[in-house]
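Structures are listed in the sections that come next.
In what follows, chain A forms one complex with chain B and a second complex with chain C.
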Partner chain A sequence: MTLRRGIFLSGIGVISAWVLLPIWLIAASAVGGQGQISAWPKPLWPAGGTLDGLASFLAIEGVWKATANSVAVALLTMAMAILLGAPAGYALARFNFRGANLFRVLVLMTRAFPVAILALPLTVSFIRFGVYDTAFGVALMHTTLALPFAVLVSASLFQAIPRELEEAAWVFGCTRWQAAMRVVLPLALPGIVATAIFAFVISWNEVFAASVLTVRNRTLTAYLLAVLSESPMHLQFAGGFLLIVPSVLFIFLVRKHLFAMWGIANR
Partner chain B sequence: MTKHPRTLLIVSAALLALAAPVRAQQSTVFLSSQLRPVESAQIMRTQILKGYAGKVEFVPEQPAELVVRLQAEKQAGKSTISLVAGVHGELQPLVPAGILTPLDDVAATLKARGFAPELLALGKFGTDHQLMIPWMQATYVMVANKKALPYLPAGADINALTYAQLADWGAALQKATGKRLLGFPAGPTGLMHRFFEGFLLPSYTGGVVTTFKSPEAIVAWTEFAALWKFVTPNSTNINFMQEPLLTGDVWVGFDHIARVIDALTKQPNDFVTFPAPAGPKGRGWMPVLVGLSIPTGAPDVAGAKALIDHLTLPATQIITASTVGFFPVTSAALPPDLSPGMTLAVSAVQKTGAAKDGIATLLPVGLGAKSGEFDKIFLDTFQRVVLRGEKPDAVLARQGAALQALMAETGAPCWRPDPVSAGACQVK
Partner chain C sequence: MAGVVIDGISKSFGGTVALAALDLDVADREFLALLGPSGCGKTTLLRIIAGLETATTGRVLIGGRDVTQLPPRARGLAMVFQNYAVFPHLRVRDNIAFGLKMSGADRDRIARQVRRTAGLLQLEPYLDRYPAQLSGGQRQRVAVARALAVEPALLLMDEPLSNLDALLRLDMRAELKDVLREAGTTTIYVTHDQTEAMALADRIAVLHGGQIEQIGSPSAIYHTPATRFVGGFVGAPPMNFLRTADGRLMGIRPEDIDLVDEDAGLAFRVSVVEPLGAQTLLTGTTDGQLLRVALAGEHAIATGAALYLRPRPDRIRWMDAATGRAIAAG
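Moving on to the complex of A and B:
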């Protein structure tokens, strides 16, 4: 009992440290000033707390505009990924059609090509379609990246909802659409929300497509890549820290739904 | 619950409507691979562009993406970028692609600015037309903490140092402090390759490509490997020399002037600046020229030309030099009342350019997209000879073959200081 419990607890400790330690070191370097960054071995507690790095980072021209762009792109991606992904997932779960398995594989294929080799042709066609350098254009690209998750996760969500419930709704006079909306969707909602959040995080973190497809309307990550890569370390850490905060907060707030998506907790 | 998807639809429609009109704003887009660091970009917007009448959007961009973007805009036939700034070697691959428009008229109207003729000539990229107007220049310098000066070898003139004296200096520092206090920017995004291409090898061999595996090159690498024993092992993490200089991890360091400027302006009383050392053949050094070009199909050619005019004004050239540490390309004279940090920077660049034994080395020319591979050959040699301690002759024979293949593939003729070649530059 005690041994097993000890192993269990140390396992938890290792996994937590694995995730938390880097975040903590970034946070400490963001507020620790120049001394903290060059110090070795790294003190676990920042020597002198200063918000200068964070403040000067937030004062950089264009950071707020880029943040607004990032939020807009992420929300658009989230909306489009769900609007396209959930129906596709429903179809995969409920209908047996020819090529369903092929479709599953093909949907994953969108992630098989490195965006880097597509940079030039993508940019060219985005310019031709008139969506180059717009939030919508970047969201299109991010939706493509988020769709595999949206489709496959929502397919398994819908699969987990008994078909009988839907059939009962039909018996009581619902049309197929009404049954899907009133019976299936509410049950699947927590999972769909989690999928949406996943799409949000994918878009928020993506940097390559965002920086190739925009010039003036950069998302935060793309903007940071261009400005921060050659800036003093404490500014880089401040930027990195502020960049993880939203996704960590976001995931923390919706963790229950995330577990639902993975089927750990009950709906 | 039926409401939910509808709200989602409404929200996304609203977002789409919001996202669409963001594009419509008229200003001259100025894409630049230089002045990317946050502070420099900020100075560019608030001080250097301040006196300009029109509206400019200054967009810093990584060099590789800058090229991709200009190619894409050219292919798609619709441009957003009106003016582009980059180092001579970065704009070079755009020449064969026909992306840069001739600026002969601009060069003619700006004649009175007094551009240095050799810089103006570089802006032609070997064609008959002026494709790039020089904007500003820089080079690489040495910076030393004043605490290191007492250990300078007896009889050595800091402004005419040799590599042997630098090694002795490093040895004396290590003996006195127990630490390895020389520094080179050999980190992942450091500019170490430029040290070999523009400083070490020309100093020892008088060439870069032709002399790559000469006996003199073997001496250069052997002696540098010996010198490395006094270089801080942390050098392979250093991208910007200003940080270790400020923290005192490095007392004597080499880097691009723009990458030490922070240390010089923050603590001007703690540092001295001087030219890179000399070898048996002379003092190899690499001038860096940043130029301005207008891409074909630029939406605002008039604005771009007005901007070129503004950036090459004597007053703007002086502001540029005194704020971001890039030096005038015109005859604009720097004022005597520069800040102490800038005075340090200016004097180092001037001393480097004025050195009697100087061997000016150009950035690689004509390699196009392969210039990264060119740099890698030097970094690989460094890795094997200096970091892993392999025998230089064997490594140079092997890397020399790779270099020869690269030159044959690109057909690039020799550039200074290698002698002029008829066809592709040959490794002798």
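Moving on to the complex of A and C:
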């Protein structure tokens, strides 16, 4: 084993620990029961582990409704981010228009704008437009957060599809729209699905905007923030754990395409 | 089946002129090769005919119909692309059927055409495969089959063989000629490879700097080039051009030069000898000017040898040194 290999492996170890350690701590605390919350060192697998914490968390009033809200918001976000982002990405990839680069930068800049500054004006506007405290309203906000990724990622997806394929479709009888639907979309689909799931996860994890823009129809994150601050520790961990699981699962499912998203070839 | 008329087509990108007011007639069922070095405008012209690019001025007529304003799908043509552009998400069968399906052909006709073109290009065993499971040559065949399946009035080919390795290219070239002769489709074929153009085409149009230098049969292009450029571009090794005292250029093909006895011709000093088997290629100087000679068969000639040469008089092509244009015989 060479030195380089050693450094490489320990690098993998550090990064894995960076990601896995918090997840393990939360998981261990979630199933450890009330007694083991403050125990240290943590046992690798908590003796007398119990799913009571998770069960009683799920029994809290409103958790299921909040989960349903979260799913609804995330699905709406996913749909809107793709429906708006993919055409924008296609335009960036295929047309040379004045200001294309500026547009790219501006799309990214929206992420640099702190949501906190917008919170109050947004709340006022949302109340005025009648979307305050609705899943649709939160999804609108989440779509703005997910759109930059959707636009830029789908732009690079479309860029990777040879223009010649589209031209062949035109020559063999397709209109521009038909060529996009029959040739470009099927080829970009795996990447678009990955982008959609990423939008879902962004929405699922988001807590600040969701807390500000809802009162009764809280998403799961916002609901937990409001309710669990008064609860015993092991319940808080149980909630945290159940929040993480879907995100980790989804990211795991689309991990291959996420590499492509960041411009690393996945061949 | 249809003839094609290119009427004053020009194309400029910003300030640069890619095509300068071209006129070109292609007869029904004719195979025309557009030949020229990269950047000569041949691909641009083909894409304008296809409707993938818009001309700055001029008209394109296919079968007597002005198609200048029509999108590619309405022009009644098919195209084979340089990188094949076979749809990766469709099986070979669906690739071949693509154009027919889009034009709303009935199932019987689609099935019949897929069977016929797949047979023509020996693709029957691969109909249910995806393009990723095929070799480059097979993908090339799929691209040709897809184009022929729609029975186009006009077939456009953009360097279709350039991505194949040398041996496969020779095979495909012969196969293509056979298949296209059988189909009898009017074909415009873009290539930078002069042997390909010579081997396939009924007529060749040599393009240079966005203009047509010469149009003619392969034999005319080869033996009676209209300009110095054509003589230098077509043929390997290219035509020799020797400057004479009266300001003319004597164009002579390397294989149209004979060895003669001492004192009876041009004095020639050999600097490189390349025995190629069928030919012996000599490079050297005569009167201080570079000259290449291709002698049939094998010859025991040493580097540095002094020889005497005689160009065959009926093969000499006289050119004006200043304009680079051929001078009418006389």
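Heads up, the rule we're going with is that the second predicted complex is superposed on the first by the 243 of 267 C-alpha atoms of A that agree within 3 Å, B and C clash if a C-alpha of one lies under 4 Å from a C-alpha of the other, contacts with A are read in each partner's own complex, and residues count from 1 in each chain.
The definition used in the following text is that contacts are C-beta pairs under 8 Å (C-beta built on N, C-alpha and C of every residue); 3 or more make two chains touch, one makes a residue touch a chain.
Since we're looking at a predicted model, the values are computed, not measured.
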| item | value |
| --- | --- |
| Combined model on chain A: chain C and chain B, fit or clash | fit |
| Partner chain(s) touched by A:10 [first = chain B, second = chain C, both, neither] | neither |
| Chain B versus chain C as contact partner of A:110, first or second or both or neither | neither |
| Which superposed partner A:162 touches (first chain B, second chain C, both, neither) | second |
| Partner chain in contact with A:171 - chain B first, chain C second, else both or neither | second |
| Vertex chain A angle, Cα centres of chain C and chain B, expressed to the nearest 10 degrees | 160 |
| Contacts of A:186 with chain B and chain C, given as first, second, both or neither | both |
| Per-residue contact with chain A, leading partner among chain C and chain B | B |
| Chain B and chain C, minimum CA distance [Å, superposed model] | 10 |
| Chain A residues contacted in one complex by chain B, in the other by chain C | 186 |
| Contact set on chain B toward chain A in their complex | 1-2, 4-5, 8-9, 11-12, 15-16, 18-20, 22-23, 25, 29, 31, 36-39, 41-42, 45, 57, 59-62, 65, 68-69, 71-73, 75-76, 78, 80-81, 189, 240, 242-244, 246-247, 249, 262 |
| Touch list for chain A against partner chain C, complex | 162, 164-165, 167-175, 178, 183, 186-187 |
| Chain B contact footprint on chain A (complex, rising order) | 34-35, 37-38, 60-61, 72, 75-76, 79-80, 82-83, 119-120, 123-125, 127-128, 132-136, 139, 181-182, 185-186, 189, 211-212, 215-217, 225-233, 235 |
| Complex contacts: residues of chain C adjacent to chain A | 50-52, 71-73, 77-79, 81-83, 85, 87-89, 98-99, 102-103, 146, 150 |
